[in-house]
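As written, the chains take the letters A, B, C and D, and residue 1 is the first residue of each chain.
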Amino acid sequence: MRSDFMNKERTAAFTDAVLAIIMTILVLDLKKPATVSWAGLYALHNNFFAYALSFAWLGLMWYSQHNAWQQIHKINNETIVASLVMLFFASFSPYTTSIMEDHFFNVTAQVLYGVVVLLVSLSNIWISHSLDVANHVSKRHLMYQAPDWVTYLDLVIKLVGMFLTVTVYPPAMSYAVLIDILLLCSMDYIGHHVKA
Amino acid sequence: MRSDFMNKERTAAFTDAVLAIIMTILVLDLKKPATVSWAGLYALHNNFFAYALSFAWLGLMWYSQHNAWQQIHKINNETIVASLVMLFFASFSPYTTSIMEDHFFNVTAQVLYGVVVLLVSLSNIWISHSLDVANHVSKRHLMYQAPDWVTYLDLVIKLVGMFLTVTVYPPAMSYAVLIDILLLCSMDYIGHHVKA
Amino acid sequence: MRSDFMNKERTAAFTDAVLAIIMTILVLDLKKPATVSWAGLYALHNNFFAYALSFAWLGLMWYSQHNAWQQIHKINNETIVASLVMLFFASFSPYTTSIMEDHFFNVTAQVLYGVVVLLVSLSNIWISHSLDVANHVSKRHLMYQAPDWVTYLDLVIKLVGMFLTVTVYPPAMSYAVLIDILLLCSMDYIGHHVKA
Amino acid sequence: MRSDFMNKERTAAFTDAVLAIIMTILVLDLKKPATVSWAGLYALHNNFFAYALSFAWLGLMWYSQHNAWQQIHKINNETIVASLVMLFFASFSPYTTSIMEDHFFNVTAQVLYGVVVLLVSLSNIWISHSLDVANHVSKRHLMYQAPDWVTYLDLVIKLVGMFLTVTVYPPAMSYAVLIDILLLCSMDYIGHHVKA
């Protein structure tokens, strides 16, 4: 049993380290203003938006994992494999964010960004499932402690965003991720105040 | 209770990791000398100054957090959110430092640098407040264990620096941060020697 | 004895940190598409393959180490030296991966990639040996808990890949690493299901 | 007392994290071959030498610290300040290594590299001193557990290297660091075998 605990700590530390590095190297691809003036900075407003979006999304993911892992005691081999798969997809964030920053109105750039976000979400569902199995949780949720309708809503928002990106308005995908982050934050806020 | 402790360790480790990465990737944007000679290196003296300033400022922040967190036992959800917000602002350091290095006498570059420094300071006040609430601290300070007049002085120095940057002398902001670092270091030094 | 435990944790944490950083900075060298379109992304398919290959290979190495170290109690000085040597060779991954991505059909690029992979494998055999000595393991394996024939097969696959790269088909080396990863994953999968 | 222990762990973890990042981002500045062939790689032999030298030097420093910190129980505020100063100087490694790699026969490049190495050595003497004070060690050494003559020899080798760089042969500094690393490794090897 003790060895399973260690397992958990080392995997959590590795996940945290990779997420911390991904979040921090995002800035290396943030474009410098052509002229250093407020106009020059304003010209990069989509770049700043994309940067903040990815940072917030990765931060929120770390926060959710942090809360979820705190309430479980054991992880199994599947958790580690699913975590590595999740980190693999998440490792593309600096790449897709950078492309999306520079091509904010390009359909491919936005879809690519959305595909990575979706694959990470699905990996988190896989991680969550493996944790439920490892800890013999009877009352299961799709993703960590979130009510299932929140997870479905989360996926629907992303898919609608992607649909609008392809059909009508390319930047829709990134705004969908923004709406999603705000939704999950307010869910969490309400959750804490209802509990208290 | 035990779960709150773990919370604290994992959040502290994550904060430390992000700060360590930010401090270390600063060097990736440090400009290489055009000609490798003492004259070539001297030509970059503002770059070296800006680099040292940001490293010292981030190091001091880690040090303050380190001391503050050691004396508390619990953190709450607000601490984690405030820490993520602080890390978000701090993550711009390599970006604003790099711009300031290359445009040391540019008002926008110095104000941008100062805005990030100020937002991180305000986030630290928020973190400190959340720690006081979580640990039912009766004798509260604005920022960690520092006497309130030090925190006010710290903010005033930064605001005066920014005012002088905008009105008279663009590099004032970075010198204000330098004065600030020296002030906080000497406060800490005096604090330890009075205690001893 | 206690001090040996600590030794183990700090060395494991350092190894994990370096591996996490190597895996995450791989993305910094991933080439951006010349035109942001599906054709532009498809033109980079060898780059994405090389990126995924290196990420999977490093992730698998972390996973193997993770499992192996969990079952031992002590490490000795040789383990630390062997770990530093392994990390030294592994630190070339972003370099050799980047060269191989951009010169997928170049013999030198593929051999260089393979040499790094082989040297890391040999270092892991060295680490494994030092762990066996430190823990007085009677039933020794060449590499961690893997049956010896798997380790020999692993080395043979890599050497055959390198031979084919030099003689017939340059990309053979990277496909050998792919076959190797799939082999080790299926071994691990079978191992867990036979045990269960 | 417990709080001092935690102090130690968090400072050790932060030091390790920064050293791990410095060692790993060295590769980002390693020059790619102009033509991907053995001749192209051979043309970079000084770059590979400088890379290996810095990696080995940083790895050895981590290893020495690791051994030294294991045998002490407490650290004080001076240890943390000295560690931050050491990390500040060490953070220049990727910068000075990169310049030295590309200008191997340039006096300024070699002296700059040597100055950083020397300043880190002096910082380590400072760290070592603070640990002796904090732990009331009666039998003090200049640097960790090394006999004082080794530390003096280490400093003399570096200073002679720098003298030769300035007067006769520019690359002398880097060869002095190489000799130094070999000396310290053999000292450590002898130390372990005499003890055993």
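Operating definition for what follows: contacts are C-beta pairs under 8 Å (C-beta built on N, C-alpha and C of every residue); 3 or more make two chains touch, one makes a residue touch a chain.
Chain-to-protein mapping (UniProt): A, B, C, D = Ferrochelatase.
The structure displayed is predicted, hence computed values, not measured ones.
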- Query: Does the chain A and chain C pair touch with the same residues on each side or with different residues, judged by whether over half of the numbers are shared?
  - Reply: different
- Message: Give me the C-alpha superposition rotation for chain A onto chain D, in degrees, nearest 5.
- Response: 180
- Task: Find the geometric centre of each of chain A and chain D from their Cα atoms only, then give the gap between the two centres in Å, rounded to an integer.
- Result: 38
- Query: What whole-number Å value describes the gap between the mean CA coordinates of chain B and chain D?
  - Reply: 27
- In chain D, the residues touching two or more other chains are 13, 17, 21, 25, 28
- Message: Chains as vertices, touching pairs as edges: which of line, ring, star, complete or other describes this one?
- Response: ring
- Note on the structure: Pairwise, the chains that touch are A-B, A-C, B-D, C-D
- If you look only at chain B, which of its residues touch chain D in the complex? 12-13, 16-17, 20-21, 23-28, 30, 32-33, 36-38, 40-41, 52, 55-56, 59, 62-63, 66, 70-71, 188, 192
- Of all residues in chain B, those that touch chain A in their complex: 3, 6-7, 10-11, 13-14, 17-18, 21-22, 25, 28, 77, 80-81, 84, 87-88, 91-92, 94-95, 98-99, 103, 106, 108-109, 112
